[in-house]
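Have a look at this one.
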Amino acid sequence: QASKAAGPKEIKIGNILPLSGPSASVGLQNKQAVELATEKINAAGGIKSLGGAKLVNVFTDSKGDPNVGVTAAEQLINTEKVVLISGAWNSAVTYPSTQVAERYQVPYVVPVSVADKITERGFKYTFRIAAKDSWWTDYQFKFLEEQKKLTGTKIETMAFVYENGDWGTGMAKQWHERAKKFGYKVVLDEAYPSTASDLTPVVMKIKTKKPDVILLTSNAADAILLTNTMATMKVKAKAIIGTGGGHADPAFRKNTGKNCEYMFDVVEWETDLGRPQIPALNAEFKKRYGYDLAGESVDAFASVYVIADALERAKSTDPKKIRDALAATKLCVGQGKLGIDILSYDCIEFDKTGQNKHAGIVLVQFRDVKGTMERVTVFPTKVARPGFKAVFPMP
Amino acid sequence: MDFDIILQAIINGLLTGSYYGLAALGLTLIFGVIKVINFAHGSLLMVGMFTAYWIVKLTGWNPYAALLVVVPLLFLFGYGLQGFLIKPVLIAQRDVREPTEVIIVTTGVWYILDNLALMLFGAEYRVVQTSVSGQIFMLGDYIFPKPQLYGFIITAATSFLLVWFLKYTKMGKAIRAASLDRDAASLMGINQYRVYNIAFGIGAAIAGIVGCVLIPFYYVFPTVGVVFDVKCFIIVVLGGLGSIPGALVGGAIIGLIESIFAQFIASTWTELIVYVVFLAVLFIRPAGLFGEKRDW
Amino acid sequence: MALIEIKDISKHFGGLKAVDQVSISIEKGQIYGLIGPNGAGKSTLFNCVAGLYPPTSGKVIYDGEDITGWKPWNVCRKGLARTFQIVKPFQKRTVLYNVMVGSFLKTSNPSEARDRAMEVLKRFNLADKWNILAGNLTIADRKRLEIARAMATEPDVLLLDESMAGLRPNEVDETLDEIRKIRDSGVTIFMIEHIMRAIMTVSDRITVIQFGKKIMDGTPQEVANDERVIKAYLGESYGAA
Amino acid sequence: MALLEIRNIDCFYGDVQVIFGVSMHVDEGEVISLIGANGAGKSTLLRTVSGLMKPRSGEILFENEPVHDLRPEQIVERGIIQVPEGRRLFSLMTVRENLEVGAYNSRAYPHLAQTLKEVYKLLPRLEERENQLAITLSGGEQQMVAIGRAMMARPRILMMDEPSLGLAPVLIKEIFTTIRQIADQGTTVLLVEQDVQHSLSLSDRGYVLEHGRIVLEGSGKDLLENPDIKEAYLGI
Amino acid sequence: MNSGSRRKTIDTVLKVALAVLVFTLPLWIKNPTYMQILIFMLLYAYLTTSWNLVGGFAGVLPLGHSAYVGIGAYTSTILWITWGVSPWLGMWVGAFIAAVVGTIIGIPTLKLRGAYFALSTMAFGEGVRVLAENTVKVGPCVVGGPQGICLPLVPGNNLALFQFVSKTPYYYIILIMLCIALFITWHISRIRPGYYLAAGGEEPEAAEALGVNVSKYKVWAMALSCFMTALGGTFLAQLTLYFYPKQILGLDFSFELAFIALIGGRGTIAGPVIGALLLRPVSEFTRIYLSSVLPGLHLVIFGAILILVMIYQPFGLVRPLSRFYDRMLDALSGEKKKER
C-alpha cells in the first residue's frame, strides 16, 4: 500500500464498543480512555517509524448486539479500511467480530472481554490484554484459602449469585469447579435476570440459606440493587466477594454508600496501586470525564500503547506485519510507556493463543477511609495499599 | 419451608406488586380510553424517575415532595405527546376501533425519549440517597421496607383518586364517554381529542408517580423503562385491558408469583412461570381477569 | 316432519333470560315470520339457530339432524345462511369480493367463484356496482349485499334479521319481491321484521315473542287480530291484510 | 328569522360528492321533516351541521352566524344538538350517567339538576331505569335515553336522525308522541325520518332530499298529499 | 395499437430491468459490508413477508415472531452440531417445529382481539427467550443458555454445510427464498384461503356466517407464517454464525418485523419488501455514521422517522409509492392509467 516512502499521515484504528443500549455506560468510559491514550501518543510524535503518522480512531456502536458488531467489523475493514480493530467490550460481540477479523486477516486487539473461549479457538489475529475469566475466580478462592489460614475463620458454605448472562453463568461454572476442588458446600446457586426490577426474592433466599461466603457476579445496576436490598433485609455473611463488572463501576460505591462497606471485589487494576504514574493520570482523567479510571479503562488505555508499539515495530500498515509485531510484543513497566507503567502487573506479552500471559488481578475491599468509601487493595499482600489489611470476616 | 419466610415473601410480593400495579394503571387507562398501546409508558416512567432524581439530588427534598413537580410536569408532557404526535394518526384512522398503527408512534417516542436521556445524562446508573432509602419498619420479625410501604400507600391513594375522578367528576364521565363512543361524545359537546390529551396526561402523570415511588430504592438509567414495560403489558392483559382493578390485581399476582416462587426455584425460572401463568389465564379467560368481554 | 324444529330453546345472559323456552317449527318452502317488541329476544333466537351463541338449553333440529350448538360455519355449510341486523360487510373490499367469500363455499376455484358471485350480483341488481368498496354503499345496497352474500352460499334456508329496516316503502316492496323469488326457487325463509306491512303480507306463518317467551303463533291474520299481540307489540289494531 | 340556515353546501366523502348545493332553513319553534331515500344524504347533512364533517363549499348559519368552520363541540355549545342514527349510547355507563354526559356543554351544565328533572318528567321510564347500564336496555328504551340525553344539552335546535328505526310499532307511536311534546315545549326540531306518515303529520314543513339535492319543499300537510310522495314514500 | 399498450410496455421494461438489476447486483457490489447490508435487507424482507401472512392478511398484530426465528436457528444449529445434520435438512425440521408451536400458541391466542393478541404474542416471545436463556443443555444438545451458540467455522465455501466466505451465495439464497415467499403470499391472496383470511380478519362474525371457520384459517396462516419465519432463522444463523437469546429471540427483533410491515404497508404484498428496503438502510447508516458522534442520536433519528412516516402515511409507504410509480408511467408513456 501507500506505506512505502513518506508513509501515511494517519493510521486508522477501528473500535467496536457498546455506545448505546444496556452497556453504553462502560462503552463510553472505554471510548474515553482510548481517546485519551491516542491523544497522548499522537502528541508524543505518533508512530515514528512511519514518519510520525497519527493514530485515528474510528468508533462504531455495537449496541451490545453481536449482529451489529459483525456488520460493524465488516464495515470497519471494508469501508473504513482500518489496519486493526480493537473492542468490543461485550464478550458476545467480541466473539463473532473477531471471527470476521480472522477471516479478513486483520489483527484484533481485545482489551477487556474476558470470556475464556475468545482466545481458545486457535485464531491467529486475536490478542487479548485482560485476564481470562477463569483467572478471576482463581484469585477469589486463593484469597479465601489464605484468609482461612490467616484468621482461622471457619468457612464451609457458599452461595453463588450471578446475572444470568454470558458472563455470570460462565463465572458460576468456574466457581463450581473450584468449590469442589477446595471442598466448599454450595448451598445456593442463583442466577437472576440482570434486568430484574426487584431482587428481594433473591435476597430472601440468601437470607434463608445463611451461607458463609457469597460470591457475586453482577452488572452495575443489579449490583447496587442487590447490595442495598441485602442491607435492608439484614443479610449477613463472613465474606461477600464481587467479580468486578458492576462492583467495580464507580456508580456502585456512590450508590450503595455504607451498605458496601467491607465487601470484597476482584479487579484487574485499582487506583491505589503502588505505581507512581497513576495519581497524575487518574487526576487528568477525572478532570476530563468526571470519574476515576477503572480497570477496564486502564486495559483500554494500555491497549492503545500496545497497538502503537506494534505499529512502531512493524514499520508498516500491512495487517500481516502488524499481527507479527503484536505476537512479538514484550512491553514492561519502566520502558517509559505510560499505558504500561500504570498496570497492576509487570509486562504484557502474548502467548501463542494471543492471551496476555501476565495479566494479573488484585482483590480490593470497600473501606471507609476518612469518611469516603474507597476501594482498598488488600491482596496480593505485596501490592496492598500501605497500612491496610483485609478485614476478615466481615464484621 | 419456613412459614416465616413464606409470610415475608408474601409481604414482599404484595409490596412489589403494588407498584407494578401502579405502573400498569397508567397504561391501562390510556388503552381503555384511546385504545392505543402506549409502548412509551416505560419511557414516561423513566422521565418521571429522572425528574424526581434531579429534584431530590439538587434540593434534598423528601422524594414524595417531588410528586408536586413530577405529577404536573408529566401530565403536561403526556398531554402534549398525545396532542402533537398521536392525534394526527388517530385522525387519519378515525374509523378504526383499535388503531394498531399508533404503536409505531408510541414506540418511536420510546426510542426518542430513552436515547435523549442517554445523550443528556449518559448511560450510568444513578441512585440518590433519600430520607427514606434503606429504612425499614418492623412488625414482629417481619420486615417492611419503608419506601415500598409508602409505595403501597401511594398506589392505594392514586387508584382511589382515579376511580373517584372517572366516576364522579364531569371530566371523568366525559373521558369514559369518549372511550365508549368517540363520535357520540363529540355530539355531546365533548372535544374528544382534548379528552384524549387529558387521559394520556393522567396516564403519564401516574407513570411519574411510579417514578417518585421508585426513586428511594431503585436506580435510574435511560433504559430503566424497559425493565417495567414488558411487566406492565403482562399485567394489563392479565387483568383485562382498560380495567383499573385488573391492573392492581394483575400487579399483585405478578409480584406474588415472583416473590413466592423464587423461594422454591431459581429466580430466572420465576420469570418463566409468570409467562406460563399469563398464557394459562388467557386460555381460560381470553379477556383477562376483569376484562369486559362484550366491549372488546 | 318440519324442516326446522326449534325445541324449547333458552338462552340466558347472566341472570337475563333473553330467550325462554321457545319452540317453533318451520316447514320446507315456508316464509316464516318472527316478531316481537325490541329486546324480546328475536335476534338472540336467530343467533342460537345460526350457531353464534350456544343455547343454554333446548334443541335445534334441521332436516332430522340435531344441529344444536354447531359452530356458525358448520351451520352455514349445512345449508342455513343468515344476515345480520346490523349489517357487517367487509368494508375495505369490493362488492364482488364480499360475495365471492360466500360463493367460495361451494367451489374452491377462484374463477368459478367469481362467475357465480357475478350471477348472484345480477340477480340482486348489484352487478354494475361490483367494483365499489362495500364501505361506500348506501344502506339499502348494503342490506341487499348482505342478502346477496348469504345467497351466494346457495343455502336451503335463509335467516333474515330485519333486512328491511330503514328502507323506503318502495324499496321494501322490491325486497319483498326478491324474497318471494328466493322462496320460489326452493329456499325456506325465516325472517325477523318490524315493518308490519312487509311481514304480514309475505309470511305464511308468524311467531310472536315477548320477554323471551313465545306469546303465540299463527297466520298473519290470527296474529294481527290477537289482543295480546296488539297490546304488547302493535299498539293498535293493524288492519288485517 | 331563520334559526338555522344552510346555504348552498356541497359535501364529499373522499372524492365522492353526496350533497349537491343544498339550501334550507329552519325557523325558531318549527318542526321540520327531512325525508328522502336511503343514501340520499340526510345523515350526511346532519353530520355536516353538527360539524362532524366539513362542507367543501357553502355555508351554514346559526342565528345569522357562520358555524360551518366550528368544531363539533363548539357547535354543541351554540345549542345545535343531534340524536345520532343508531342511538350511540355510552354502553357501559348507566342511564343517569348518559344523561349527565348529555349536559356536558357549558350552557347546560349549570342547570343539570333542573334539566334532569324536566327530562325525567318527559320520559318517566328513564327515572325507573336510572342505574341500569345502557347496554342492557331494550331498543325502545335506548332510543328514549338518546332523546333524553340530547334534551339534557338544552338544545336550541334538536336534530334527530331516524329515531324510529328498528322499533316495534308500539314504540314508534310513543317516540313520535314524545317528539311532539318536545316541540310543544318550544324546542325547534329537525327530524329525519323514514316513517313519512308519522313525521310529516307532526311537522310544520318538510324537505325532500333526492340524490343529495332538495327536490321538494312544502308544509307537512301539502307534502303528505303530494302524489309523488305518496307513491315513493308511502307505497300507495 | 390499442390504447395503454405503450404504458404496458414501459411498465414491463422497467420491471424486467429491476429484476435483472436485483439478480446481478453481486456483480456490481464488491464491498462485503454493502453486501452484508443488502443481505440483511433481503432477510428482513423475507421475514416480514412471512410475518405478513398473519400480521397482514389475518388482520392481527403478532409481536413475538422472533420466537420462530429462534426456533429455526436453534433447531438447525443444534442438529448440525450434535448429530452433523446439514443445516439444509435441519432448517426443515426447525420450520416444522415452529409450525407446530405456532399452531399450539395460535389456537388460543388467535381468538383474542387486537391488543390482546399483540401483547400475548409478545409475552410468548419473551417467554421463549427466558426459556432459552435458562436452558444450557438438553440431553446431548448444547443450547448454550444466555451465551447462545457459536457455529464452528467451516473452511472455504461449503454449499453442503451452508457456510460461505463470500457473501454472494448468501445473497442468492435469501433472494430466492424471498421470491418464493412473495409468490406464496401473492398466490394465497388470490385463492379461497386468502379470501377467507381477509374476510375473517375484517369481520369475523360475518365470515363465520358465510361458512368460514375463521380460527382454522388463521391458525393455518399462523402455522405457515411460523414455518417460513423459521427457515429465515436458519439462514440468519448460517449467515452470522453466532446467535444468542437476547438477540435472536429479543423483543426488538419482533418489533422490527412489525415496523417494517407497518411502515411498508401491512397486508400488501410489496409492503414488507418496501419497508425492509427503506427501513434497514436507515437504521444501518444512521448507526454507522451517527453513533460515534453522539451515542443514541441515531436511535432518536430512527424514532423520529418512524413517527413522521406514521403521521404522514399512516397506511404505509406502498400507497404513495405505487401512486408515484403510476404517475411516472403516465408521464413516460403519455397515457393515463386505465381505471378498472
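Just so it is clear, A, B, C, D and E label the chains in written order, and each chain counts residues from 1 on its own.
By definition in this document, a residue touches a chain if its C-beta (ideal position, glycine included) is under 8 Å from a C-beta of that chain, and two chains touch if they have at least 3 such contacts.
Note that the structure is a prediction, hence the values are computed from the model and not measured.
Q: Mind listing the chains that sit against chain D and also against chain E?
A: Common contact partners of chain D and chain E, which must touch each of the two, are B, C.
Q: Please indicate which chain is farthest from chain D, where distance is taken between mean Cα coordinates of the chains.
A: Ranked by distance of C-alpha centres from chain D, the top chain is A.
Q: Nearest whole angstrom, what separates the Cα centre of chain C from the Cα centre of chain D?
A: Distance between chain centres, rounded to whole Å: 30 Å.
Q: Distance-wise, how many Å sit between the C-alpha centres of chain A and chain C, to the nearest whole number?
A: Chain A and chain C have C-alpha centres separated by 76 Å.
Q: As a quick test, compute the distance in whole Å between the mean CA positions of chain A and chain B.
A: The separation of the two C-alpha centroids amounts to 37 Å.
Q: Express in whole angstrom the distance between the two chain centres, defined as the mean CA positions of chain B and chain D.
A: Distance between chain centres: 42 Å.
Q: Could you tell me which residues belong to chain B and also touch two or more other chains?
A: Residues 115, 118, 123, 222, 266, 268, 271 of chain B each touch two or more of the other chains.
Q: Which chains touch, pair by pair?
A: Touching chain pairs, listed by label, come out as A-B, A-E, B-D, B-E, C-D, C-E.
Q: Spell out the residues on chain A that touch chain B in their complex, using ranges where they run on.
A: My answer: residues 20-25, 27-28, 164, 189-193, 195-198, 200-202, 204-205, 208, 220-221, 224-225, 228, 231-234, 249, 251, 254-257, 259.
Q: Which chain D residues qualify as touching chain C in the complex?
A: Against chain C, chain D makes touches at 13, 16, 37-39, 136-141, 162, 165-173, 194, 231-235.
Q: Enumerate the contact residues on chain B facing chain E in the complex.
A: The contact residues of chain B facing chain E are 31, 35, 37, 85, 88-89, 92-93, 97-98, 100-105, 107-112, 114-116, 118-119, 123, 222, 230, 233-234, 236-237, 241, 266, 268-269, 271-272, 275-276, 278-279, 282-283, 286-288, 296.
Q: Would you pull the chain E residues touching chain C in the complex into a rising list?
A: Against chain C, the touching part of chain E is residues 190-192, 195-196, 198-199, 202-203, 205-214, 340.
Q: What residues of chain C sit close enough to touch chain D in their complex?
A: 16, 35-39, 85, 136-141, 162, 165-173, 194, 196-197, 232-236, 238
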